[in-house]
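Structures for review follow.
After this come two complexes, each holding chain A, first together with chain B and then together with chain C.
The block that comes next holds the complex of A and B.
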């Protein structure tokens, strides 16, 4: 407003040329952007470039780094531990693409059907998501303890099938057990996302479907799912990326054990950098993971450009 | 309400702010980096209010009082995080003046990166050769120059529930036969022979290859392997690993193989205190907290040296461990002051003994103690252990712990691959062969710390 008033009183003779005005506005905009850009350069771009550089070196984490070309990447491709960890990430992703999303959809659908106590359930489902992962992990470590947990409590009342089961000590059970703990913390967030999306679906569509004789399942498939598709796709994308980057619950509960049975790329990368002191190799591993995430995001972008409503 | 500013004012103000931030940063950086200021920075790994309060009252304040004008800045860091924090700080050309590492093998990496200052001048000045145990000083030497002072001596011990043993008429085992009889008898009575588990810290699995190699293979064989005379794939090391694997398969350690992987320290220590487990093989650091786990049951505890598991292996053998070392940051502002603090901290026998009595196992000085050196207030079992370790090692009756004498990559190999032996993913033979390959590579890179010769070798 101040600008237009000044212009109207100054008259056309004093008006700055359009190009100069545009440049000035652009400069002002960039000046306001500078703090944010500086922070991004400092904490994102700088470390990213450094990571790319170190991935071509034998850097131990301290001291000088010697350039080794593509050696780290060659080693990575032949590293059995890396591919096993990557496979565990794939299993983790599949678990998270099915169990919490199905539970989230069901929870959100059921919550959308009730008015009383809805807030209570929303809060109850969401609490594990905001509790620190260390606390959630400690809670479930105690609950699933073979001697002091649920298994032994059930056994004491005559239900022995879980008695003595070492969920986190068994090679077969460790990965799904850690995933279960993480799912418990995660699914409440999915419920809220789906619930918000469900509430935006036009109720008249349900009425029309009912009038056409559609049952609950048909309403869900033909009205609800198309109505929440953008949220659904967003949750799928979020789940895939989060599953590739998973670290905290695995690190806290099993540290990738026993014998690598729950190792994921995140924990393996941490071990390379901070236990084996092969920071250059860990950087290559991190970039490998980023590459996979990037490909997935690109697929989504490609599908969107092809006209998919994602 | 807001005031409009012109572009010129905006640019000028922005410039002044940027300049101010830059200058402030430069000034602060200058304050931190250069010195001779009389300020010494030290990161301690002490945990808990008791040990930290003791340190502040009995070490920090008296040192400042004895050295007028010196400001000792102590920061307590979580022990598990210490090395990572130190590495991060040193990468940024920062870090404390006195640097703590998890052991000689780790210190060597910093020395290779020229981050530590030589200590020979200070060793002469403070006569550390006369005060400290000779082998301990040797461990801190690299290419005949002193860079690190061992700070926390450790060894592996057999802890046992004394009340339980007395009730059952048992004594701590003196050889392999007695150990196996004890384990069978306890297991037969529904008691776990060895409270054990790595649920809280999978790296702790290295305790067991350490114990079995020392007490089965023996210190002479280990000395030969660590100096490259024989390979780690030698049957004498493979058999030791197979013996441990066999014991785990029998459920002697932690109750079962799966429980061994998931048992946490608190739970297994509680089992020892409650008499649900008879013994526990753990480092001397457990002396600091063992009493807490016997309070509820009222049972008594004691420790015994780990027995030889093969004839020809010394009976009273203590594998040496260095929990941490102290070095001087090459960028220390007040190097002289920092060296005097290392001397104050480590080399005074009376002060060290008092500290070791007040806070058991938080700090074990590498000094030639006898039981009479410790104050009467010290727990007799702790005093006995410290004196036994000091005297036995001074006679050369010692072995080697993985976290002290193996290069860090070989050590990590042991921590990770040993788990695979227990799960059956690899054999003991494959494990030892892989270790030998890693160790050979480490040797070529000069990463093996100085290996001190045992008296029997």
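The block that comes next holds the complex of A and C.
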């Protein structure tokens, strides 16, 4: 191994020749990749491929799966619960595309205009994002309790319109109320994404806009928004994907209820698989959901390729 | 004179409205968490009379009660094992593969990077169902190790991407010098690269540790045994048993919030840069 006549430029005889050294590095490289690739195949790739197969079967999760062709997909297209849940995902997406993004822009813009206490506000907005979803859900369940929450506290000082309102228990309010809790935990993250983007906008552009007599709003529309467009588009994509796949807050607070009023596809699929043991049907649902989110990502990739500068 | 003050006002706008809005937003973010802290110090009777205000006669009994009734001596250990197991595993898995791609001239690096991008964005719903039944066949459901394996898989793609871009930015001179001195690749990794890359590893550790500590979907799906549950899913069961006792559930909430918030405050810059970079790449 140490001796090679071809390797005449090598110094001490102990050094491996270039070819062997290269082979050894290559071997090491693949050895170093094994843990990542093995665990990935076991947990993500293998089961993902299996989902495709099981979506064509009638399978309870235990025992053999019976091949039924497109039956699950036919059932899915005719499943009213599925389309209602999908509609709830659409409502959720619209709420998340407006409220947290508007609040995130506002917070980030104001933070970029100040120096003192900036760190304090950044931390304050971000803390709910690092707290576990079960805790955030519980504290809002307490605060929005019909008898002992904010509503009754406001009533006791003469503002009665929220008194006795059951935010999570009413069919009309359950979905937006759960979304409200999730937005509270989420928007601080958007602030920081936008703030990072804002801080990279050229200050001279603001200077120039002010010279031209632009007010704060005009500066925001003509300088700030174009400057943060890549981040903005990314946040929109992230919001849509997260809204399609939402599970935690809905499952924790209402389990999709009352009477399916806050059911989303993520919770519906979970129940199909682990409560009703229709694993084949749940696989079809999961694949459908993944397909939709994949298409959305591809649309963004396509727009980016078309020179959309996102 | 008038135009002068007008111009000055425009050039240096008053910050008072800015601070007012920022303060309202901060109250919105922190208010509910402050209420939890206050309520953890109230008896249940006092919460009924005074749900949002300061505790008029503070009691500390909720904390020992929540500790024993919420099974925290067990579940905090479970969460700690899950979190540390995840962090160590993700650092090793992502560290070695990031090193292979950044430094060992691995062929096909671009294809692997693309695969990792896709893997870090794959919806959980795509693989959850077969994974559960695979795990029950392998007797990995209701085990902490089974859950740690899943966390390794779902957190390592993003961690690898982050670490690789960190390693690419480090100078190669030291490694080349060590190789000329006859060091093996493993020695180069452990003696030269590892000491230089700890900031990147720390970021990855914080991001994956936070994700493991707070993770809900896999924890509720894969662990039903009350003695193996992490604090999150255990808290959910605890809360539905004691839903009317806010003092107790608030004290339990404090046990879950406190370790994370303290760590976050100590290392907030690194947390924020890691999480926003993760978000931007994910």
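Quick note on the criterion: the second predicted complex is superposed on the first by the 279 of 310 C-alpha atoms of A that agree within 3 Å, B and C clash if a C-alpha of one lies under 4 Å from a C-alpha of the other, contacts with A are read in each partner's own complex, and residues count from 1 in each chain.
Just so it is clear, a contact is a pair of C-beta atoms (placed from the backbone, for glycine too) under 8 Å apart; a residue touches a chain by one contact, two chains touch by 3 or more.
Everything quoted here is computed from the prediction, not taken from an experiment.
Because the two structures share chain A, they can be overlaid on it, and in that overlay chain B clashes with chain C. In the superposition on chain A, A:24 contacts both chain B and chain C.
Looking at the shared chain after the overlay, A:176 reaches neither chain B nor chain C.
In the superposed model, A:260 lies in contact with chain B only, and not with chain C. When both complexes are overlaid on chain A, the residue A:227 reaches neither chain B nor chain C. Within the superposed three-chain model, A:51 lies in touch with chain C and out of touch with chain B [touch as defined at top]. Note on chain A: of its two partners chain C and chain B, the one contacting more of its residues is C. Once the two complexes are overlaid on the shared chain, A:61 sits against chain B and chain C alike. In the superposition on chain A, contact is made by A:127 with chain C only, not with chain B.
Of the two partner chains, chain B is the only one touched by A:166; chain C is not. Of the two partner chains, both chain B and chain C are touched by A:274. Put simply, of the chain B stretches 22-30, 76-84 or 220-228, the part that bumps into chain C is 76-84. Counting contacts as defined above, chain A residues 24, 28, 61-62, 141, 145, 148, 274 meet chain B in one complex and chain C in the other.
Contacts from chain A toward chain B in the complex involve residues 2, 24, 27-28, 31, 34, 60-64, 141, 145-148, 166-171, 254-261, 271, 274-277. By the touch criterion stated above, chain C contacts chain A in their complex at residues 10-11, 13, 15, 18-19, 21-22, 25-26, 28-30, 32-33, 35-36, 39, 47-48, 51-52, 92-94, 96-97, 99-101, 104-107, 112, 119, 121-134, 149-150, 152-154, 156-157, 160, 182, 185-186, 210, 213-214, 216-217, 220-221, 231-233, 235-236, 239, 243, 246, 249-250, 253, 256-257, 260-261, 264-265, 268, 271-272, 275-276, 279-280, 282. Residues 4, 7, 10-11, 14, 84, 87, 90-91, 109-110, 112-115, 198-199, 202-203, 256-264, 267, 408-409, 412, 415-416, 419-420, 422-423, 425 of chain B touch chain A in their complex. Interface of chain A with chain C (complex): residues 14-15, 24-26, 28-30, 32-33, 35-37, 39-40, 42-48, 50-51, 54, 61-62, 103, 106-107, 110-111, 113-114, 117, 119-136, 138-143, 145, 148-150, 152-153, 184, 188-189, 192-193, 196, 210, 215-216, 231, 234, 238, 241, 244-245, 247-248, 251-252, 265-266, 269-270, 273-274, 279, 282-283, 285-287, 289-290, 293, 297.
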